[in-house]
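The first chain written gets the first letter, and so on, giving A, B, C and D; residue counts start at 1 in each chain.
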């Protein structure tokens, strides 16, 4: 493999990694925009999605679409439940209360899940397909599908945010929660669709993670830290920023591996984050306005 | 039984020290530090490495405090510029960077192999004497840290901190320097966490990067919330409740024939999560907390 | 009491916090021999830990059904070490101090084994582990520790030996970044270097990645014929899939614990030709087949691919046979000595506790051949490392050849 | 007829009361000014009326309905409109979206057209982000947004803060139009002199309490009042933007 092709393939790897991180960051940033806290339960929500897909597979339903639908459904129901029974009561209590409550929800979710599914790994029985080789660049079929799924997810999120009345309300709350209330926007009527959407994204992200890796109770938790980094880098609460930053971090991380090795690449997203925040405290795509 | 109790008390004491430090950061200053385990790890590794290369344990402890405090400096400088939500995640990242450096630099830290046989002090006192003496050391460290924090909190410096927390802009216009104060609080708290790390390394006698994961930070936050934000006695009570929660489930399981440890492990995680949620919901001021500050 | 005992046997979990109560209830019968099961139920070892714990409980059930060992029944106090030293140390202290166990079975991670070993050593408690770290020898001062698996370094050497036997010339090594993975890499490297083979790449990878493509790309950059993997189950599953999907033409030699029938089934025909290195008699032996079948019937768990479950079963069996051979009321030193005797030659090969007990009663020497291998501990308490190579063919794991390491 | 009535209201944040003992009412078709120095608690009165302060005690009725049983987001349904002092539009939404996002607007298209008639500058830039507007344009958008659901009363929190003198006149001009449209107005202003000049009645607030009230013309004529609270006529008022 010649030099430039080697790096091109690394970029490709980074794109795929970044898509997974970016989707998780999208779910994080949606919550952050509207409810103003980093939702640590996002990772475990993804795990639940992956297990829902596995559950459908166990019923001998081979269709990834059906599995994905089950994942979306399970995650949405769970996310709405978490909002309705816990997070709803914490409105206005500040970042730390909400962050801690979401950590609690994450642990409770994982505990309940692993109680029933155990600690053994599960696998999606997706057929192994050979890659397309385009000018030496290996493009894997499964990654193409994953990219399509991610793209659909991102597009649907944006369509919801920018084309629907509920999305407009979400953006209004994200922009100025007090004014939104004074404009008569009822929190509940926005929050339920919001958490449903967050659940749906987590469902898709969980399925993608599950198909690419293996399904274990801690799988989603491990994606949380890089997703946090992407969310911050993208400018908190900025959906486009989150996805772009996720992909960017993925690419930078993989491109760095010939120079820093495979261990430091994990820390790289945070190092990039620290460096960029030193220069731009509001993140790459964050606006300079100071909230609070 | 006694030795087990002492072991529990020692671990509680180490968590109490961490909780005090975090309480100093957050309860007194409002600094959202989600990278506590990073300082803890730096303290643990510093002391372990120094003593393993033949230096005295006392030197190891001092170096642990100093290095952990110094490591807080760049982070503190960055923290001054950032909004609290950014800070939470930047500190989370800091701890992860610390862990990865420890994993990677195996010429120094032996990486994932970990450092075994970290010396225990008081070896001459025999097995049980050693444990009791160690507990004494942990208690002494806690008392010293509490005294230091109380002294700082009730000094003019402490009142400045309170004022900063309540109104940052007002203080800057008064001509004091909240930046310097913030940095000092950050470093003192980090130093105390470093001390906790040293105590931990010399007690468990084995350190490995896997011990220094974000979950530890979350545990300390839990202990602080449980005990009460801003309350020094609360730090001890919170740490005690946390360890009781972590260890107590072992005994609950022993009393429940038919429940396997395999399920209990899940139940334990579940209970910790639910406990955290309930506390945030129902008693945000903690057991000892006076003021609601979340 | 009988009813009570039966319930206990059924669950094999005993109220350890109430040993005094148990004693009064058990008045008249001999006091049970308490054993700790300290396994990685959660954390990195979780794919193996829960089955290990269940295997220990299952073994104890069999032992007690055969009337116990050395005149005593066995009681298990199960704990989760969370694959982390701190909870492990606290659990170890509890087992020793509160539950008064005399043996602790089944630590897995090297870090955990190294952290708890000094506690057990000081208290004179028998400790059986599968941790592969070479550091164990230093903390095994009394000689009460047994290792029921090969050292990680030894597994690494067997992997490389497998690659050599198959005639591969150019190899890359990939290993999980933990103590075990690194020692496997060192072991493999030493064998390849000694044989003068080219190692075209060494890649140490971090766990819990959403993808290992760049790691794989680095390992495959100089077109090796074979990838030697110092891996565990989840990461190897992901890597296998990614390599197969990339269409790269490369063979694999992997530790047998990192592959399960389920993972082979999920990955499909592309796994054909993957080579697995394992203990000589672990798979295919009668002991293994019998244990696998009985355990499946009893607990519904398929231990294929979880070599450590077999090890855990053997730990309880070896301990019990040792107790039986040492006789009633023997102290731990005598039991340890007997454990060495009953697990190695000379003696009549046995694979079940009941048979072994009968033979010991009739005064014969026995040699326990375990579900995990022949055992045959050396003086340091390490199981004898004899390895063999297996190959995946048509979705099945088949015997291939014995490695003469 | 009295539309809004506050009786013995106290409100604040945490343990601190910003205002207390407030008695205030606004009738149909009336412009009422609450004036006072910076930090007197003017904004808090408006926020309490809108249900946006963390703590609030006392009696508040609007059109005979007890306001305190209604959460902030429901008060718009009673006919209460609100223009905050700062951050009074959704900056990241377009002008059209700012109007669209308001709840309980019957016949959006017609109402929107009316607003664009009233504020022609907004019509030309309807697809621009609100952040692209100038201060004066933004104030117009804020008022238009508050008017969308045909409120019976709108409360304006310092509508002319940080505006140039020319724009101040323009905004006051718009405000004087409102009673003709059937909208009562409650203005909180630091530019008390100008604000009182277009008002029917006024309240003077000092350190969280009402110290004076009466007809706007009487207040303006009161010499003591002028010296203490209204400032010299030619003095430009300075506003730091804090409540």
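Note that in this section a contact is a pair of C-beta atoms (placed from the backbone, for glycine too) under 8 Å apart; a residue touches a chain by one contact, two chains touch by 3 or more.
Quick caveat, the model's predicted, so the values are computed rather than measured.
A.B. asks: Which of the two pairs, A-C or A-D, is linked by more C-beta contacts?
C.D. replies: A-C
A.B. asks: Name the chain whose C-alpha centroid is most distant from the C-alpha centroid of subunit C.
C.D. replies: Farthest chain from subunit C, going by C-alpha centroids: D.
A.B. asks: Suppose each chain is reduced to the average of its Cα coordinates; what separation in Å results between subunit B and subunit C?
C.D. replies: 35
A.B. asks: Subunit A to subunit D: how many Å between their CA centres?
C.D. replies: 41
A.B. asks: Just give me the whole-number Å value for how far the CA centre of subunit B lies from that of subunit D.
C.D. replies: Spacing between the chain centres: roughly 49 Å.
A.B. asks: Could you list which residues of subunit D touch at least two other chains?
C.D. replies: In subunit D, no residue touches at least two other chains, as defined above.
A.B. asks: Among the residues of subunit C, which are close enough to touch at least two other chains?
C.D. replies: Those would be 41-42, 49-50, 177, 206.
A.B. asks: At least two partner chains per residue is the criterion; list those residues in subunit A.
C.D. replies: In subunit A, the residues touching two or more other chains are 114, 118-119, 261, 263, 266.
A.B. asks: If two chains touch, include that pair; go through all of them.
C.D. replies: Pairs satisfying the touch definition: A-B, A-C, A-D, B-C.
A.B. asks: Please give the residue numbers of subunit C that touch subunit A in the complex, ascending.
C.D. replies: Result: residues 41-42, 46-47, 49-51, 177, 203-206, 208-211, 213-215, 217-218, 221, 233-234, 237-238, 241, 244-247, 262-263, 265-268, 270 of subunit C touch subunit A.
A.B. asks: For the complex, which residues does subunit A have touching subunit C?
C.D. replies: The contact residues of subunit A facing subunit C are 1, 6, 9-10, 12-14, 16-17, 20-21, 114, 118-121, 123-125, 127-131, 133, 138, 140-142, 209, 212-214, 216-219, 222-223, 254, 257-258, 261-263, 265-266.
A.B. asks: Within their complex, state which residues of subunit D touch subunit A.
C.D. replies: 50-52, 54, 71-77, 82, 84, 87-93, 97, 100-104, 145, 149
A.B. asks: Going by the contact rule set out above, which residues of subunit A touch subunit B in the complex?
C.D. replies: Touch list, subunit A to subunit B: 32, 36-38, 86, 89-90, 93-97, 99-101, 103-115, 118-119, 225, 228-229, 231-232, 236, 261, 263-264, 266-267, 269-271, 273-274, 277-278, 281, 283, 290-292.
A.B. asks: Over in the complex, which subunit A residues touch subunit D? Could you list them?
C.D. replies: 92, 165, 168-169, 171-172, 174-176, 178-187, 289
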